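Input: structures, listed below.
Note that chain A is present in both complexes that follow, paired respectively with chain B and with chain C.
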Partner chain A sequence: MRISIAHSTVYRYEPPANGAVQVLRLTPRNHDSQYVARWRIDVSPDAQLAMREDAFGNITHVFSAARPLPEIRVDVDGEVETQDGNGVVRGTAERFPQSLFLRDTDLTRADAAIRALAEEIGTANGCIPLDSLHALMRRLHDEIAYDTALTNTPMSAAEAFALKRGVCRDLTHAFIAVARCLGIPARYVAGYLQLADGITEQEAGHAWAEAFVPDLGWVGFDPANAICQTDAYVRVAVGLDSLGAAPVRGARYGISAESLEVAIKVGQ
Partner chain B sequence: MLSRTADNLYWLARYVERAEYLARILDATLRLTALPLAYVGAGNEWQSAVATAGCADAFAAAYPEANEDTVTHFLAFSPANPSSIRCCLESARVNARAVRTALTVEMWDTINGAWLELKKWSDGPSSRQDFSSFLRWVIESSLRFDGSAYRTMLRNDAYWFSRLGLYIERADNTARILDVKYHLLLPAIEPVGGPLDYFQWASILRSVSALTAYHWVYRENVKPWLVAELLILRDEMPRSLASCYENLVQNADRIARAYGRQGLAQRQARTIRARLENSRIEQIFQEGLHEFLNDFIKDNNQFGAAVTQQYLV
Partner chain C sequence: MFDEMQGSEQSRQVVRPAYAALWDWLGETKPDVLDFRRREAELLFRRIGITFAVYGDAEAHERLIPFDIIPRILSASEWDVLHRGLVQRIKAINAFVNDIYHRREILKAGVLPEDLIFQNPVFRPEMNGQKVPHDVYVHVAGIDVVRTDAETFYVLEDNARTPSGVSYMLENREIMLRLFPELFSRYRVAPVEHYPDELLQTLKSVAPSAASSDPTVVLLTPGLHNSAYYEHSFLADKLGIELVEGRDLVVKDEVVHMRTTEGLKRVDVIYRRIDDDFLDPLVFRPDSALGVPGLMSAYQADNVTLANAVGTGIADDKAIYSYMPQILKFYLGEDPILKNVPTWRCRESDHLTYVLEHIGELVTKEVHGSGGYGMLIGPAADRATIAAFCAKLKSNPKDFIAQPTLALSTCPTCVEDGIAPRHVDLRPFVLAGRDRIHVVPGGLTRVAMPKGSLVVNSSQGGGTKDTWVLDR
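Right, the complex of A and B next:
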């Protein structure tokens, strides 16, 4: 499937910021079932834009400007050719052994409720990783209500699980937390999803999880939609949690109020 | 476009590329054997030249011993060896004639001129110097052919099919030379960095015209693992496997778009490209360079077969 993506992010500062440094994780890499046919990043102010690779093998652009900035606009557009890999993601850039992805972070730390869920799912599925992960994905999909009102509320996995509401980011965090309790390496994936209902304009990128299943490799699970990764998914960055895979992270100098506008278009 | 036409264009480019590669191997071997034995060791360079060309078995069946006379005859002039320079140029011309109208005048002139000129050497070279100028002439003919294709051909499926042939052949050649040479060289008792190493590696780089490129990229002594990295993973090196596959993916993609349909060939090219892009040289060495290159040669052949299946038959 050929997916075209246009993603623009505008930061407005009032009064203008004195300068800014940002790390953009906005460039997908090729793997067995994904090929980037065309990709371009545009940043509005004249600034340095240096490409490098982060520790997880994600392609990053570091953007820095040291003069007054009323706004920063980051435009990304490109085309990606994808194939259905039946959920399995092969041929990715791997920089660490899988066991690294058992590591806890603040956003994915398990509490008693999550550990109880892990134990329940583990025993119900006889500790077979693939079955447990499928059961977990359906369980979270049913139990946590999708609520876009919470997009801008940062929550940990435990909080979202207790609240029973969240966005794809929170479902993914919960999924990762439970998988790691089961001893299955899991990681956060940020990317784009082409919606089945044909709507191209989206308010935010998509997020899902990958878990390492012996004999299969990394398998993509999307608890927000209760399906494994298909050819509608474009995989951009991975990390231990949403902060590690965030599309844009950065800092600005000077005291100013910031407003953010994101527009994403994913179509065929 | 007829499958037959696409097939001819594809093989035309492959044969010309192969002729150039053979000429480069022979040239590098001549240079190596011209050095004092103390520099290059006692290994049989001519045997390794035959192995790099990928026809060791056929050679062993036809000749008792690998030396300058037998190998130059076998790889350059033998009518019995289907991948000798002579046979490559003849096959290239046969393919070119069949699709004369799909080629530009410049391309046809180059390939037909090369074929006519080849007759001058039908009895073999008169001297070592004569042989050197023959090799130079083969390389120049190939460069002229490639250059005319690049500068004069319409960018349509005819051009894309000829590029597919060229890059598949080139990727195969690069993988092969690296595989053979690495195996002859690695068990050497000679300490790394000795003169043996230097001349051998420099000759590998020279045989794919990458010696200067190496020094531009790395700015240090010729080191085996860096040579491997340059020839496998470096995008900016036009003979590297990564660069060949970047071009293969693009050309296969253009064909798919022009025909409005894609298939196994496109998927395979993308998969191989992604693997090369995501690999690192340390990882490749850890898992074994020989295994990596063997797998690559196999994948590359499979991709060639997929192209044939999808478009050429």
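Right, the complex of A and C next:
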């Protein structure tokens, strides 16, 4: 599938900020079922964009400015060729052994409820990883209501699981937390999803999880949609949690109010 | 019990040679003179304002650490062993940290279990593959050493993050020189006053390749409310470098600058006394207001050196500690000169069983605790305390280690009713630069003031002493 993506992010500062630094994880890499045909990243005001790779192999760009800024605009525009890998993701940039992805973070730390769910799912599925993960994906999809009102409310996996509401980020965190309890390495993926209903305008990027299944490798699970990764997914960055894979992490100097506007278009 | 002045209990008649002149001097000096000097020392410390904020103590947020005027004395040959042992240790630690964040040979060789690294909160995945200037990660280490007899020194802890206490080493010496010139005239004591110069040289020697021949070094402090703020300002002053907080630094085009009255000035080396977690909100804790946004990107671009490097906590983790002899062997092919305290890792079930059965004889510590917090000294604890601690231990065994209670050496110390032996440890400060490892002869001797106490931590009422290393 050929997927075109346009993603613009505008930060407005009132009064203008005295400067800003941003780390962008907005550039996908190739893997066996993903080929980046065209990709462009533009930032205004015009500034040097240093491209590097982070510790997880994600491509990063760092933007910095030390002058008054009324706004920062980040525009991403590109086209990616994808293939359906039956959920399995091969040929990715791997910088760690899988076992690193059993590591806890503040956002994915299990609590008693999450541990109980892990135990229940593990027992019901005879501790077979692939079966457990499918069951987990369905379970979270059914149990946690999708609620976009929570987009800007940072929550941990445990909080989202207790609240039973959240966005794709929260479902993904919960998925990761339970998988790790089951001893299955799991990680957060930030990217884009082309919707099946033909709607191209989206308010936010997408997020899902990858879990490491013996004999298969990394498999993409999308608990928000209860399906495994298909050719409708464009994988941009991975991390231990949403912070590690965040498309933008930034800070500004000076005291000003920030407003954010995101426009995403994903379509053929 | 080994006393550093009077030796073991069997040989109490003979004063050990290094202490002979001190013994004579103590005999000649009247108690009221000693007492007068003691009060004078306290007055001097108050005037300097050297205090230590104690966490969890609402009454007295800052208080004076007791200073004992009787020096602790190490002979040249004793220091020689310590020195060689410390240099060996720091070499291995730097090789280990470098390996952990690059090739991970030690894991491939099966010397350490992988999860002890990857699941360890002090391991920093963000440092993976990050090159640091001259492969030096730990530039300043404070290695805690205890002694159990004339020949035996143990390393108790490797402090490889942001060890503090060196200001006490320097202040203690200054005050002793002022108060007891006649005692110094009886000894040839190796100087420690050049520590700030050595530290500055060390820091400059690891500047990034892009820096000028006279690199700009700053000391980054979390600020006034940090327990070691006094030391931060003291050291910045002694080194003649700027003391900065996160908000004084700004990153532009992957270069760190300091805001000055004349505009921005490039910074090459940051002697940071802020924990990893707070260094850069764009990489670590996003809520940190103490750090510098973008700092890690400048670090990655090799435009700035952080001392110590990020992620060095993996080398002083208490669970890793138990593997130090194997770590030394693996990287240096040598046996450790300084002993490691035998350590039970409660993450291993047979070790846990042993620890639970012998908890009354052991010192059990939380792996990530420090400053004497989260620690149980079995022989000194009552039943209720032990029971409560065991419950904690059982609920999360992998967070604990246990060690035998060591009979720490004692040193003569001024107490209420005269001079009496009190238990001590020693924190020498090891500096590792581009091609030189330096240990200033001496360190911080901490002394447990209550009779019989083994807890020397200043947060738990420990005091300090000047540490004399004798020149040959």
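One rule holds in what follows: the second predicted complex is superposed on the first by the 268 of 268 C-alpha atoms of A that agree within 3 Å, B and C clash if a C-alpha of one lies under 4 Å from a C-alpha of the other, contacts with A are read in each partner's own complex, and residues count from 1 in each chain.
Just so it is clear, a contact is a pair of C-beta atoms (placed from the backbone, for glycine too) under 8 Å apart; a residue touches a chain by one contact, two chains touch by 3 or more.
All values reported here derive from a predicted model rather than from experimental measurement.
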Clash or fit (per the criteria above) of chain B with chain C on chain A: fit
I'd like to know which partner A:A116 touches here: chain B for first, chain C for second, both or neither. neither
Is A:Q83 touching anything from chain B or chain C once the two structures are fitted on A? First, second, both or neither. first
Once chain A of both complexes is superposed, is A:L240 in touch with chain B (first), chain C (second), both, or neither? second
Could you tell me if A:A37 is touching chain B, chain C, both of them or neither one (first, second, both, neither)? first
Kindly classify A:T92 by the partners it touches after superposition: chain B alone (first), chain C alone (second), both, or neither? first
Per residue count on chain A, the busier partner among chain B and chain C is C
Per the contact definition in the header, classify A:R29: touching chain B only (first), chain C only (second), both, or neither. first
Who does A:A196 touch here: chain B (first), chain C (second), both, or neither? neither
Superposed arrangement (fit on chain A Cα atoms) - minimum chain B/chain C Cα distance in Å: 9
Where on chain A do the contacts from chain B and from chain C line up? none
Of all residues in chain A, those that touch chain B in their complex: 29-35, 37, 57, 81, 83, 91-94
Using the touch rule from the top, collect the residues of chain B that touch chain A in their complex. 249, 253, 266-267, 270-271, 273-275, 277-278
Taking the complex as given, what residues does chain A use to touch chain C? 19, 21-23, 47-48, 50, 52, 54-56, 60, 62, 64-66, 95-97, 99-100, 102-104, 240, 243, 249-251, 253
Could you please specify the touching residues of chain C with respect to chain A in the complex? 114-115, 118-119, 121, 125-130, 250-254, 257, 264, 281-283, 286, 293-294, 297, 300-301
